[in-house]
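Some structures to go through are shown next.
Each of the next two complexes has chain A plus one more chain, namely chain B in the first and chain C in the second.
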Partner chain A sequence: MAMMATGTVSPKAHRRSIAAQDRLFGFLISAPGLAALLLIILFPIFFTIFTSFHDYTLIHPNFETYTGLEKYSEALGEGYFRTSIWTTIRFVIASVVIEFMIGFTVALMLNTVQRFKTIYYFILLMPLLINPVVVGLTWRMLLHSELGIVNYVIGLVGIPGVNWLGDPNIAFWTVVLVDIWHQVSFMAILLLAGLSALPREPYEAARMDGASAWRCLIHITLPLMRPVITVALLLRMIFAIKTFDIVFIMTKGGPGTATDLISYYIYRSAFFGLDIAKASAMSVLLLFAVLVLTVYLYRYMKSMT
Partner chain B sequence: MKRLLLAGAILLAGMGVAKAKTIHILMETVPDTRYIQQLLPEFKKETGIDVDIEAISYIDMHSKLVPQLIAPQGSYDVIVVDFYWVGEFTKAGWLMPLDDLVKRDNVDLGRYVPKLLDLVGHVDGVTYMLPFYNYSMAVIYRKDLIADPANQAAFKEKYGMELRVPQTWDEYKKQVDFFTRDTNGDGKKDFFGTVIQGQRGDCISMQWANYLYANGGEYHDKNWNPEMDSPQAVQAMKDYRTHMLNNSPPGSESFCFDEAFNVMAQGKAYSFVTFNILYAGLDDPKSSQVVGKCGITPNPGGGLNGGWGWAIPKSSPDKDAAWKFIKWVESYPIAKKRALLGGAPTQTKIFTDPDVVAKRPYYPTLQKILEGVKDFPVFTYTTEFVEETGRELNLAATGQKEIGQAMKDANEAFRKLAIKDGKLKE
Partner chain C sequence: MAEIVLNKVSKIFPPDVVAVEDVDLNIRDGEFLVLLGPSGCGKSTTLRMIAGLEQISKGELFIGGEAMTNVDPADRDLAIVFQNYALYPHMSVSGNLGFGLKLRGFPRSEIEQRIAKTADILGIRELLNRKPRELSGGQQQRVALGRALVRDPVAFLLDEPLSNLDAKLRASMRTELVKLHNQLGRTIIHVTHDQVEALTMGERICIMRGGRVIQTGAPMEVYRNPADTFVAGFLASPPMNLVDAHLAEDGNGLAVAIDGVRLPVPEEFVEAYAGYRDREVVLGIRPEDLHSHGERPGAATLEVTVVTVETLGPEVILIGALPNGAEISARMGRDFRARMGTRERLAVDTRELHLFDAETTRAIPRPKTKVGDNGT
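Entry: the complex of A and B
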């Protein structure tokens, strides 16, 4: 301010100093937010990494023994941990792919709808607003093989009752289905937002040239939507990898190990096994996997556009 | 002026809070907690202390407790400890020994059922807890079906023995088989001899323990050498799998006690090996269609012992008030009132108190059940033990692993944990 008042500064330098002040101002107002982020995100992450290198258990919560990578090899040496990694991969692929297919179809349909849009939105958003624990408990009751409504209803049309959560082969798909029921609207809404922001002109031009709706979809909608689709898939994948509540409430990872997802495995290592260090090592591995996935998808998206 | 008034009001409110003493307790949302909540005004009247009970579901309790126990000063003055956690909590040194207080105030520990005092009272000769309520396991059965002359005749013809309240495991198994039926002739079983709560982890581990004891098996010998792959244990698993496949509703592989209870309460099963505290619910018209039709009897060969204890954590902010509360809640009049409301007693005299028996005629049977119960392995890693062996039991019960192999793996998992805890030398 003082420099400005003296009037001895060149206009260029003047602009620079304003820019510098803007930067300072920007930094100052974002500083509290950054500090909070640092505190609640970065600190726990580094603390987790630090813990994973020490023999930190709930029985002896201290950092006296440095264990290096021991906890990592211990984690990866557990056959059931590897099983849970594989189960999680299958779960993520199955739920995200199906959610995308349903979500995209619904979004395309809703994009053309003019009337009652609010009502459709409301219905779509409902499952998303329900707490996952409630979702799990409700479905658990509905799917009760003997007393549940689902088996009763399909019994009315002559289909024999399904052992939804008890059969190791079916239980996995039951969990996938419940996750889809709960999360598909997230996909639909995100994609719908993308669709409604697309420019009208290319479609009008294509119509003039006599392109069919299908060709419009393949050659205009999909390429234009690619960034939104990537973001939607990425977000859902990251959320799906972390799925915990549904499994925790509905199956406890069973029957056997059919629905034992990584998050629940880590939770058990920490709170049942009391081995915070090993659970931290597993969490770091999970974090690393998510990071690699994110970077890869981000790069892929950039290379496509 | 307005602000000044507001500030004054806040200040006054703050002083009010500071004056009235409040103690905080974390408890599980179970009937026994509700009974205490009903009686709290009496404690307030007697001592002037407010009690804030935070009741949450079991699955969240452990993860909510531990951070408070590690902290130098936690937020709970009194806690309730499941027998699962006893080894862990005492080994970690989170609980305050109560012996001095017990001695100072002449609290008679002899009033408790010895098996419960051993489970949720003493650890290695030190008193850390006072037993709160018991959830030992037993067989709940349909007494109306046993009394039915047609059933009696048919049973005698088929097995050459009387149909009566089961006294031996073999007899019980025959009854389970006998009562599993297709009642409407559509080729599908719709009435079941028993209900299995086979969900992986806690649910299957607790119920299977009764099958193990019934077959004469044990978890370990005196020196903590695991015996989960003994012929008795393998036979117990065979019985369990047979019941799950043939005599229990489909889906039992994923039932916990609540779903299994519903099957029993809807009148779709003859028997249920489960926690004694569920029995009261079967006599409640709000939750049951078989009111007055059920009986309860000890599991042949001994049921699983279970219970909760009151404890004061070392991180308790107000240990004096905490002890006052425990003394009050475990005093005879209050313990009796809890039992009258339906609570599961831990003090010997209450089981046979005339007022209690008049209202709850089956309480003397509960006492008999408690005399025969056996303890689960209680050590530092009980929770992990349940998780690891519960997984193997569920794998075997659902046919994903051969029974012999699953029991070997369970045994090995147990051995590792016992070694980790120093109970067993390598």
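Entry: the complex of A and C
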């Protein structure tokens, strides 16, 4: 009987049913993961978007008043928020550009190194392994204007102490430099991976063609590295735009608004200003900016394959 | 004049890996020389040392009479074509062709003129604006060749340029390269592991193994008089049959004995082989020097058990086992038929026998088989 039953099913239909079973099985084993994602990522996002359309504050935590886009225009109309957007843009550009320049130089140098490669890699990776909060705390101590070792050391060679975190003109660059110290190895490692994967032959062909090292860099390395460079820059921009921890630990956005990055300003609006709805509206705007970069990154990487 | 001379050239990779050892080569101006050998034999390293991409550890290199041992690759006026073409991926075909000229400061009008001329020679004119990734393997190959041609160097160095092409394209590119060589008259050094390429293209073949030159000579000279068992077993497909044997006394003369089977040594070789009397030797015989017994009545014979028969179309390869178990192959006419396991008598052209020293594997010197002498 069983044989007859299978005999009546066409092979094509049989394959289809196996494929359907595979799909069901795939769905079942990924279901718990999907549920967790839904709960911890999608739900907060949608809750934030929902909140941003209502007058929800910590004084009146309810969704009774629908405000539409009011909170968005309120946020964008706020001078402090606009300042924090501008500070964030300056921060992202400064840190990513300098990180790229240092990272690329280090990667180029390490790419030619033969001996002790592992040791260099280890040293390079160290900052990346440290928690950002620890990075912030450590640098806050090192850069303390009275007790910090940095001022002590530069004092030994006769340079007067610098108020690293207290001077509004210097604090911004201090935060940028600490971020660079922490993140530059990410850039270097990514670029190094790209460099070491480049084919050797175009360089040899260029040597036969009479190209100098500089010409090779301009005419071969940079064009060949373009995809890796683009991905590295975009990834770092996406990370940098969300920077919160080192500002929170080192400057609390100050002095004044010198280091008031968007994410820290959002935090202040929510938990000091108590206006959760406005903070949500700002978060949605930040999310949108990150999303634009991410979509661009995704499309770029897809076009490469 | 672009005579290229290598004088005891060696390459030692740190700490002490000897990749090339004491290579002496004299490549005549305008010659097509093929460096042939299995992978890892040092042929590519030798080529790269000539190009200047590898430093010469020991020895000297002269190009056109000038010492070039430590000269920068850009100043040797040589062009190399790489196995995987090594085109500049972000430049168009014309960009690839013109890059070297631009670096050397040629005026734009001359660059354009040269690109156009090269593109015409290679038939890639309609590809000039394309990027390498938009080209097929064969087209990329032409562009790589064009990049060498456009510079008009004193010699071309080709590093396995055909090995990434499919069989059909490879055959047609072989012909084209030879034509190009005749047209340009420039020195070409062609590295390959493909013995067919070597035999068909080279004016001379230099066979390398383990970093050393084993034999250099015209294709047929090397083919007819291999210097050792390696060369004998490397050239041609199927290669020369090599069988362990014993050189025994045979009346007034000598005979090659393979487990009781005796093949008389032709009179003209007896004197040359006399020193190996009663010693172990390796007998070498080309598959085409074994014939169906019916064709050569009266000739010395070997009896084999048919192992398999490979039908190739124009000919049939018979693979048979000798009484001692050694397998040999024989080229038979296209109508040859035999069943597996049956016995077959093969007539042997004894004047085409080669004997090698069993210990050194070197050929035992004897009057050379002249090229063009069909041995019958």
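Everything that follows uses one rule, which is that the second predicted complex is superposed on the first by the 246 of 305 C-alpha atoms of A that agree within 3 Å, B and C clash if a C-alpha of one lies under 4 Å from a C-alpha of the other, contacts with A are read in each partner's own complex, and residues count from 1 in each chain.
To be clear about the criterion, a contact is a pair of C-beta atoms (placed from the backbone, for glycine too) under 8 Å apart; a residue touches a chain by one contact, two chains touch by 3 or more.
Computed from a predicted model, the values in this text were never measured in an experiment.
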Worksheet item: Once chain A from each complex is brought into register, does chain C clash with chain B or fit beside it?
Response: fit
Discussion item. With both complexes superposed on chain A, which partner does A:132 reach: first (chain B), second (chain C), both or neither?
Written reply: neither
Discussion item. Contacts for A:220 in the overlay, against chain B (first) and chain C (second): which applies, first, second, both or neither?
Written reply: second
Discussion item. Just checking: does A:202 make contact with chain B only, chain C only, both, or neither of them? Give me first, second, both or neither.
Written reply: second
Discussion item. In the overlaid three-chain picture, which partner chain does A:254 touch, first (chain B) or second (chain C), both, or neither?
Written reply: first
Worksheet item: With the two structures laid over each other on chain A, which partner does A:211 touch: chain B (first), chain C (second), both, or neither?
Response: second
Worksheet item: Given the touch rule stated above, what does A:163 touch, chain B (first), chain C (second), both, or neither?
Response: first
Worksheet entry | Dominant contact partner of chain A by residue count, chain C or chain B | B
Worksheet item: After the two structures are laid over each other on chain A, how near do the C-alpha atoms of chain B and chain C get, in Å?
Response: 51
Worksheet item: So which positions on chain A get touched by both chain B and chain C?
Response: none
Item to complete: Over in the complex, which chain A residues touch chain B? Could you list them?
Response: 58-59, 61, 80, 140, 144-147, 161, 163-168, 171, 248, 250-258, 268, 271-274
Item to complete: Name, in rising order, each residue of chain A that touches chain C in their complex.
Response: 199, 201-202, 204-211, 215, 219-220, 223-224, 226
Fill in: chain A-facing residues of chain C, complex
51-53, 73-75, 78-80, 82, 84-90, 99-100, 103-104, 147, 151
Worksheet entry | For the chain B and chain A complex, residues of the former touching the latter | 59, 62-63, 66, 70, 88, 91-92, 198-203, 249-255, 259, 262-263, 266, 268, 380-381, 383-384, 386-387, 391, 394-395, 398, 400-401
